[in-house]
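Handing you this structure, nothing more for now.
Naming follows writing order (A, B and C), and every chain is counted from residue 1.
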Amino acid sequence: MLRYSGTYRNKNGRKMLENNADIENLFDELFPLPRSITGDGYRQSVQIISRYIPFEIGRALSGAKVFDWTVPPEWVIEDAYLIDPSGNKILDFKKNNLEVLNYSEPIDKIMELDELNKNLHSIPEQPDWIPYVTSYYKKTWGFCLTDRQRQELKPGKYHAVIKSSFIDGAVEYGFKYLRGNTANEKGGVERKLILISSYLCHPSLANNELSGPIVLAALYQRMAKWKNRRFDYLFVINPETIGSICFLHQHGEEIAKSMQAGLVLTCVGGPNEKLSYKKSRRGDSTLDKLFLQLEQEGEVEIREFDPSEGSDERQYCSSGFNLPVGQVAKTTYGSNPEYHTSADNKEFVELDKFLSTTAKIENVLKIHEYLQPLERVEPYCEIQLGKRGLYPNINSPQTWDASSDSLIDHREQLKAIMYMLSYADGKHDLVDIAKLTKIKMKNLYRYAEILINADVLK
Amino acid sequence: MLRYSGTYRNKNGRKMLENNADIENLFDELFPLPRSITGDGYRQSVQIISRYIPFEIGRALSGAKVFDWTVPPEWVIEDAYLIDPSGNKILDFKKNNLEVLNYSEPIDKIMELDELNKNLHSIPEQPDWIPYVTSYYKKTWGFCLTDRQRQELKPGKYHAVIKSSFIDGAVEYGFKYLRGNTANEKGGVERKLILISSYLCHPSLANNELSGPIVLAALYQRMAKWKNRRFDYLFVINPETIGSICFLHQHGEEIAKSMQAGLVLTCVGGPNEKLSYKKSRRGDSTLDKLFLQLEQEGEVEIREFDPSEGSDERQYCSSGFNLPVGQVAKTTYGSNPEYHTSADNKEFVELDKFLSTTAKIENVLKIHEYLQPLERVEPYCEIQLGKRGLYPNINSPQTWDASSDSLIDHREQLKAIMYMLSYADGKHDLVDIAKLTKIKMKNLYRYAEILINADVLK
Amino acid sequence: MLRYSGTYRNKNGRKMLENNADIENLFDELFPLPRSITGDGYRQSVQIISRYIPFEIGRALSGAKVFDWTVPPEWVIEDAYLIDPSGNKILDFKKNNLEVLNYSEPIDKIMELDELNKNLHSIPEQPDWIPYVTSYYKKTWGFCLTDRQRQELKPGKYHAVIKSSFIDGAVEYGFKYLRGNTANEKGGVERKLILISSYLCHPSLANNELSGPIVLAALYQRMAKWKNRRFDYLFVINPETIGSICFLHQHGEEIAKSMQAGLVLTCVGGPNEKLSYKKSRRGDSTLDKLFLQLEQEGEVEIREFDPSEGSDERQYCSSGFNLPVGQVAKTTYGSNPEYHTSADNKEFVELDKFLSTTAKIENVLKIHEYLQPLERVEPYCEIQLGKRGLYPNINSPQTWDASSDSLIDHREQLKAIMYMLSYADGKHDLVDIAKLTKIKMKNLYRYAEILINADVLK
């Protein structure tokens, strides 16, 4: 078992995340690991994901003060079970790690059902599901079970055993830069940074949370292949809340300098079809602007920023940092009863859609690459389009474009070109053009590429 | 009779304005005094109100130039009556001071009805009411009477007698600071100023105007008892228009430096139930913002700023000063035919509501004390609520709060706390939080108090 | 024939454009001239209009680089005709200059109908109209004819003759300042500039374009008679697109310094009644603001800025200059099938409305003269209206005002005065007052004049 090993490296030749079988293999490997906000279950999970994203590891030691918080000790859990009056082991952490309250303190005690009941957790409304319960900062112990099982418990002596301990350790997070590679950047100008972050601390739960890290890994692999990256991208994985607080304590000031926008990935699986974007607290990042436009075009759904629920965007967006970080999800927490129960499982999360979801997010980020202020090389009067062959043949309204594998609408292209050239004043971007022309972003960014290639736009 | 006596002092042990009988006694004492914009009727009235608000007195001498105006001479009125052809005294200033045109020049002349009619004022549409008419700056004389009485006048010789004179004197105003008393202010930082102003120049009229000065006095007494005052408050009384012009001529530049918001009280009696707020010309003061929010919550009504009607806010809001002063009323001028007639009397003004109206205004000012940019002591990441006991017990949704004598909704409180902490960036205030959370101001300010007491908010 | 003659001067005593006969005479003289973007037809036309507006002439020589463009050679056209197989001259430039493609290269060739057809232009949807076709920058030749005539062409040998040549010459434009003449300007402060521009390059077409230059001439004559002009006005005429590009290349930087607003006149004839205003790209000029208000009052129609269609405002509004230039029209290009065909003729353009259209534009510019930030001489408190006689007699609600030959509504006037005085803070203008009071601009500017004359407003 690795501990404080420095950077996890991709040591074997495992295949990329290219098809549904790759996704399922990774999911099956990660699902049973006993993750928490610290400890070996978490570390093993990060190590596995590091095959796809070669993370650097940062850590904050137990007891350290991080802003208003104190880094907790590591939770070591060896075993946990409950034996009923008949001597049957009716709950068993080794079979289902949801059955012990996460961060339970140790116990080894025989007690009556009445006393035991104070430390049992179930959901009367969902009698067949086991709840996921944690108590990171207030010492207690507990077992979780279905309400149906609980109702059948008979009076008598129960033996509760939790073999856990708290040791000095660390909260750990992984981070990896994917640097910009476009040649047309001016020397000496630092690139803007895009943060893409997800979290890892829930044990056997599928939508919240394994969907996030797996899509993060697939997204990294795809973006690593881009020929042009105008931005630097920073991929981050951490235990939720305390992990991003530790990351921000160590790197917040540095990344704030160059960050243009960011995304937290959470709950990106499940039955909902459209991407759902929660705006950053500022609400004015280029990704905020793009997602709002894509909502207008019917592509995504939008949620307002809400500090009382969500994931690590709550830390990134806290007023001291006020980073432009939104959150992208599909089937969001709170929108389904399966959230934080054993019913958030492999079936619920719909693994066969992970790759298309990854492609949707990639596509938004691809369009976002063009979301910088438009600027013309020659700003005075109109450009003579004819001499550059930029007047499309309007008589044949549509032709097939081999490079983008799609139809080009020539009238729309000419309109887009006229508007982009007129508004290329360093103050407008493609979303502004989309609003003025009603042309969709998925077409507009290709027309912008034409003008960039013709050296008319910078 | 006091003249140029310096500060009026509270010389006797009269009871406070604590119940409806106190209000009625004060009203009955003030009502019959022959007030005008200058003179002894005005001065006596200020002296009476000074039992409750220990005013300093400022004055501008007759003939002085105040901006575009000239301070008028004082009007001394000893007697005025009209004797009909039968020798009956049919109009008598000593019985009803509305029966003489305010600021009439002297006359002692016998004339035919035709000639007299040019100087009579009545209201054909309201045949039983006497109009209130003034001519401060254009010399004339006149009598006011009911239209029914006027129609019964028979041809013949009438004797019109007005024993008045114009003497060098002054326009006078009263002002009194109620200073802030909170301990948590930084030394050396001047407190912001809130102006609360009303006027006193109408003789026997009840809603416009005795409601204003009486509620002003009751408000002063209540606010003087506040344990915490974050602002300085300045209470002002003056004859309408010329009085506030004189006050601004002498104090405008000085108060403009620190004024954050202000209120003119006018027509705060009468049948209407809700407070009605006229926005300041700027429309962006913290009181403007608060009243607009309270309108959204159904508590008050809003009127736009209108320079062509209203009270002294027209002077405060004039472009050279552009002070953030709104106006609060209940049954506004122009909304009822009783305005500026003898029907604006003790019955119309509904004295029994003066104290509850005072409480409403006091409550707005109380909430307004919290309307400063929210700022966190520790601005980075979330605050750990658990260790401070700030996680309310959500299982028991409501509990009785003894200190505020009201129910506390714990879910609402937690939501409010999360939003206040997230938006406490020195740019948002409680009204912004109310808009984001839909939680009412009357609850929100109590939650803010919790965070201030926990040293989480500054 | 004049060539490079310097300033055209008004050499004869021709009458002003005062009645419909004047307009018709000018129209008839200009209509048949063979205009293009260069050459003698254009030059003659400018010379004729110079009788009314004494233009200075600027030129850019053929071959010169102007921003992204190159000044083309002059097109010299002597004759052009088509002879059919029977020997009949069926198309003849000398009879209708629309019948040759504008900027045709020379040809003298006998060919079969099949070959000829490639260079014929007609409109199947409008079989009786001849289209107007140009090819300024791509060398080709062609004839234009009705589709009905084209369908009757029989196979056989056709003789196509175009006697044209391209010579070194220039693109020329005319410009003339009409300077401000008000006495109350502060010395040393440069006046703001208003640009009024139209174009001249279409041969026998009436709405697009002779309406523009003729109304420009009539407007100049009327504005030259104004007693008060607060702004400088610059009148410009040029061949469309390349002409304004050359003008901007030589004068753009200079006029940008002082320009407050501008108008391009195009298509100001035809059946539509209301003025139609296309906003400048900035959308924030004082003329933009005024036209938007006049739309609210039902007086004009508004079009958004659209860089993909229109006239020379596309050049003025290009991002490098970003001048506040809008466009005024009546029956706009694109709104009627007659556009760019022989049907855009004397009947379509409705010459008898040219003078009333001129008056409408003049009236907007007259109101616009008052559209500067309002400022009071004495900014503190209210103005004492009574002593200045500014309290209108409200008892007689309307009186006839001889000076403006119209009814004055006294209640409206008082309200306007109160609002203007309150908002005269150097930040509001008459359109703001119109929005606050709902009083129409056509009345408001007269009330402003009253306050200016009373030395209350600056």
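We take it that contacts are C-beta pairs under 8 Å (C-beta built on N, C-alpha and C of every residue); 3 or more make two chains touch, one makes a residue touch a chain.
Everything quoted here is computed from the prediction, not taken from an experiment.
Colleague: When you check each chain against subunit A and subunit B, which touch both of them?
Modeller: C
Colleague: With over half of the numbers shared counting as same, classify the subunit B/subunit C interface as same or different.
Modeller: Both copies touch with mostly different residues.
Colleague: Turning subunit A onto subunit C with a C-alpha fit: angle in degrees, nearest 5?
Modeller: About 120 degrees of rotation relates the two copies.
Colleague: Let me have the rounded angstrom distance from the C-alpha centre of subunit B over to the C-alpha centre of subunit C, please.
Modeller: Computed from C-alpha means, the inter-chain centre distance equals 57 Å.
Colleague: For subunit B, jot down the residues that touch at least 2 other chains.
Modeller: none
Colleague: Quick check on the complex: what are the subunit C residues that touch subunit B?
Modeller: Residues 376, 378-384, 386-387, 414-415, 418-419, 421-426 of subunit C touch subunit B in their complex.
Colleague: Could you list, by residue number, the parts of subunit A that touch subunit B in their complex?
Modeller: Touch residues, subunit A against subunit B: 66-69, 137-138, 241, 244-245, 248-249, 252, 281, 307-308, 314-315, 317-322.
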